[in-house]
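I've put the structures underneath this note.
Each of the two complexes below includes subunit A, the first together with subunit B, the second together with subunit C.
Showing the complex of A and B:
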């Protein structure tokens, strides 16, 4: 029963239904978050097939795309998120792991 | 579907691009509802082609279109196209939609990805605006981001399937060329070529500093097409593909109408003038009055009230006008009233193809019915030798089909044989009428000689005539042949004056003869009259004589009677015997 705190990492993952790349990205993201971000994260999954207009507005053209909404700046990472190093670097967490 | 067979005619399964020449090459345009790949190096005109295809769809075929930009921001593209006068910003976004799909500079990639997101978003847009045409400009940019060949092939296939499913006429452009620096690897590239229904290759080469652009349709499933490379230029209105021949066009209407050459005696030599919509070639060395002859033609055309265009490669329009004024050809008045348009082509640089397109555009603007190109040999200037022939052919073909009477002059190289002088462009074989001007050096003079080498479909004089330029204009003079040589200039004049003198002498002699004959006639008449009078006198005399004889006889016989009466005797017998011996 922890009090509602401000969550540090907010992610939005755009997936293309249950295609292989997308499912892989979701799995990789979950694994990554559990490993490095403890419980301090929030993942919102958007299916581009169901929300094409939102996808268009957001300028998402490649799937899967992970958008880091917070902390600032907003960042997009495209792909299956299979390389942990790149994600750590992108989130500015690489120094902490050493 | 029951109506499939009906809809499968040329018009319904081709999506016209509105690109001059291209729709003719492909017999209607790009395959409708299918995918076309447009490949070419950087700056070969892919985006222009694609944009023309879309705007034509929106404006003329009522087919809304989507432009997916991978390489350039849509705003930049729109501003780039302002110079073409297509007014892209006037098209509503529900007719022409731009999707900025450039990979952002802060783009981070981790692992494999696909383009489902974009296709999903596009599908929504396609449904929303009822789009029929779509362009993926510079697809190679995205493809090259994919980690391996299998993934690339997969995405290409995905795109193709999506296009088919949505029944869109797709145009994919990709940078690829003969150079190995293209961003699409050979494998994906050949896969793309295999997959699409139509492939068009754009080429841009620079030959001796002159840019030459070519377009070639590599494949077109289920359609006939022109397989050859066709030169094209990117002009004011976008693409203009040159056709080697007017494919599928009905032969131009042939007319028997004649137009004057501007030189009365030349018309006579040609049996009435040039044919309307024919092409005339005037060859000759520098200074043989080629420009003057074409100027005379232009003046005559303007006098008939026909819009005329005079393209000069040698000098400025005003110079040409001034020079022609000296031989009595007044063109300025027609420039002033807008009938005549002088084009100084010295200022137009570029390939022969560019020149032809410029000439075509300008003449269309001017609605020219008569066109002079002075000299057409300028087309084969350095760097254009290879293409100039084709350009000259198309020039003649185009003018003919548009009903424009074309007069070209062609400079002959001093080296290329003095006697018959074929034109370097070989258009002498294509031209309908070929006039050749030559110098004849004789007795210390250079005189201009003109002959008709050929004139299709007209009887024409076989004689060489002397071309005389004077303040009053251009005229032709008969030439004299003496001892197998033609006489011109002073020698002709001498011969003419000698003949004049001989004529005068003969005339005087004849007059003299007439006078003397008149005199003789008069004498004879007088004699005839006096004889007549004499005759009358004699006749009178004769009558008188007869009458006196008769009266004497009467008197005598009366005297005898009287004597008988008086004597009562008969003595008449003796008297009668005396009087009638």
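Showing the complex of A and C:
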């Protein structure tokens, strides 16, 4: 099966190793994507302990932090991503679901 | 740590406590601000601040993970501190500690591993010492790692372990990781392979394993290397088709057929040359086996040279005479059958020559079997020279040989061959220093004129050969129908004689012997007669030779001795009184029967004094079985029997044997007596015999005395006894007894 030529949603999740909140955020993100975005998403996980420079360059000061790279505009959400409503809103998807 | 901070002062301590308090508060505040949803916070300079709860969680995650990894490993792992104390063990280790290990004590944390090793005694002490040394060298950093394989056998099972010791940290003093891996299965597999290789090398069969895909040897055993005189690595490097002297495609096709058939190939036997050029026979067995998804060809070669040679030897022994190398009776018959079948299509005559050496038995008896055998070998060589290659010469047994001639033209007829044989025998044989000339008697049959089958052809040729013998030997005779008639009559006679023995058809006649001086009967000669039912009394000349030629003479001779002893006993107890009786003894009774035992038994059974029994032997009897004969005669003589030589002067008449044998009496042959009064030569001979006998202190008797003139001559020259029609013919019992009782007087 060939992947779609252009993936609509691209996320980057900054985590601090396998700490609880970071893992919680990753699990919530995955669940969220599977529920709302079908296959049309891509998640990149970056461990800030391993990639401190990239983290600094990206201006990330807390973990876990989710960065929505596309669609434009770039958006950051800090926290465990347990509030689905907030995320939907942040992604501009709340209207679509209603 | 060389750069140790000096102990903080009391005032500084207070300050530190205050700062920690601030930090804790700051941390708690940060947690509150981030609602517990954040793990780490970084400043703009990138310095990371991991929140308290996240730090704890990270630590515990790491520990759990490491423990899980260690516990998941099938190895038994312990961590040692720099002094050798066990500071941590995995689950595997705990189970491992329960087994009977290098050390018997428990492997709990806190025990010093090195000390346990140092204290080890018994079977594992040496290994324990090596282990301790290995661990120390890793702990002090002199070795980067240490490994040892060691056996560790519980009472019920055998185990092997691989122990590895590696530093716990990069620093040389950071302790060590000790890991034991159970390698029992690997060891057992290795051991099995080792034994298998030993077994393969132990067999004398050459074994090769070939990988079909690569067409290379996977394994060859010692025997295979020896067979090709190569080192194992040389052998392994050679392509199998070169070893088998063929090409790759041909060998591949053979192997593919094996794979396709799924069965072991039928053993093939083939001949190959050894390195020294000699022949060897190989039995080749091949089989394809699928092993680890690859087809392997198993080839076994066995040296069966000995078996083949034994087989060939057996075949040779079954078909060829060992002594002369000629076809034996069996093969000769087969060859004759084939010749007869072939003759049916090409209409050629086939002739059989039956050849028998004359007087061969005497050669054997006098010069020994070794010389006799040598004569047979040389004779067979000459015989072969008398025929063409395509003719068959065989040895039928003893001194009997036979030839098959396929007659193509007149130049090769059997009489020419027979004469060639006679001629070639004129040249004396050199038998290990004994020069000797022999002659042969030959009988000839022609197929299809005389007979149509092999058996009869050979039998008739044998008959014809006997005819040649009777005709004076050194000659040949063609078989004639008349011979057949005679042969049948002879067979008839033999059968009748067999019956005569069973039916007691023989009777004894007695001829008196007379003492010349006193004129009285001084003894009797017992003579056998045959009352053949329906034919009356048969002449002894007719049946005695037949008895002599068959072994019947032994049975009949034995009967005569028993009968005579019985008669002597009867006479002793009658008015006739003691009288000496002589019996004729044949050479076969010496060689085939137990003459001595029979005589002793007959004397004992009838309570007859031995001196009343006299044995008459011919010269030829004496000459055969000499050693055995002398021994028997000496035993009999010691017992008191009288021994006399019958028909003296006609046989071998060697004066030497008169000394060698224990003889009492000579009987002058009838041939000399017959013309004693008319032929001066015979008279001189008779006289000479008397003189010799007397000078050797032997008695002399003359047989066949028929006239007064003969009697007078013998009387004049002091012959001791006479026997003949002049006094009495052989008489049946009743007539004899009448004569004995009448008057024991000689007619003056």
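List of remarks:
Going forward, the second predicted complex is superposed on the first by the 95 of 98 C-alpha atoms of A that agree within 3 Å, B and C clash if a C-alpha of one lies under 4 Å from a C-alpha of the other, contacts with A are read in each partner's own complex, and residues count from 1 in each chain.
The working rule: a contact is a pair of C-beta atoms (placed from the backbone, for glycine too) under 8 Å apart; a residue touches a chain by one contact, two chains touch by 3 or more.
Predicted, not measured: the structure shown is a model, and the values here were computed from it.
Once subunit A is used to superpose the two complexes, subunit B occupies space that clashes with subunit C.
Of the two partner chains placed by the overlay, neither subunit B nor subunit C lies in contact with A:69. Contact with subunit B, but none with subunit C, is seen for A:77 once the two complexes are overlaid on the shared chain. Looking at the shared chain after the overlay, A:55 reaches both subunit B and subunit C.
Between subunit B and subunit C, B contacts the larger number of subunit A residues.
Legend: residue contacts after superposition of the two complexes on their common chain; A:18 is shown touching subunit C, with no touch to subunit B. By the document's definition of touching, of the two partners only subunit B reaches A:86; subunit C does not. Within the three-chain superposition, the subunit B stretch that clashes with subunit C turns out to be 188-196, the only such case among 44-52, 80-88, 188-196 or 476-484.
For the contact definition in use here, the residues of subunit A common to its subunit B contact set and its subunit C contact set are 16-17, 19, 21-22, 48-49, 52-53, 55-56, 60-64, 78-80, 82. Those residues of subunit C that touch subunit A in the complex are listed here as 34-44, 46, 48, 50, 53-54, 57-58, 61. If you check the complex, the residues on subunit B that touch subunit A are 99-101, 104, 106-118, 120-125, 142, 145.
Those residues of subunit A that touch subunit B in the shared complex are 14, 16-17, 19, 21-22, 24-25, 28, 48-49, 52-53, 55-56, 59-65, 75-83, 86-87, 90.
For subunit A in complex with subunit C, the residues that touch the partner chain are 15-22, 48-49, 52-53, 55-56, 60-64, 78-80, 82.
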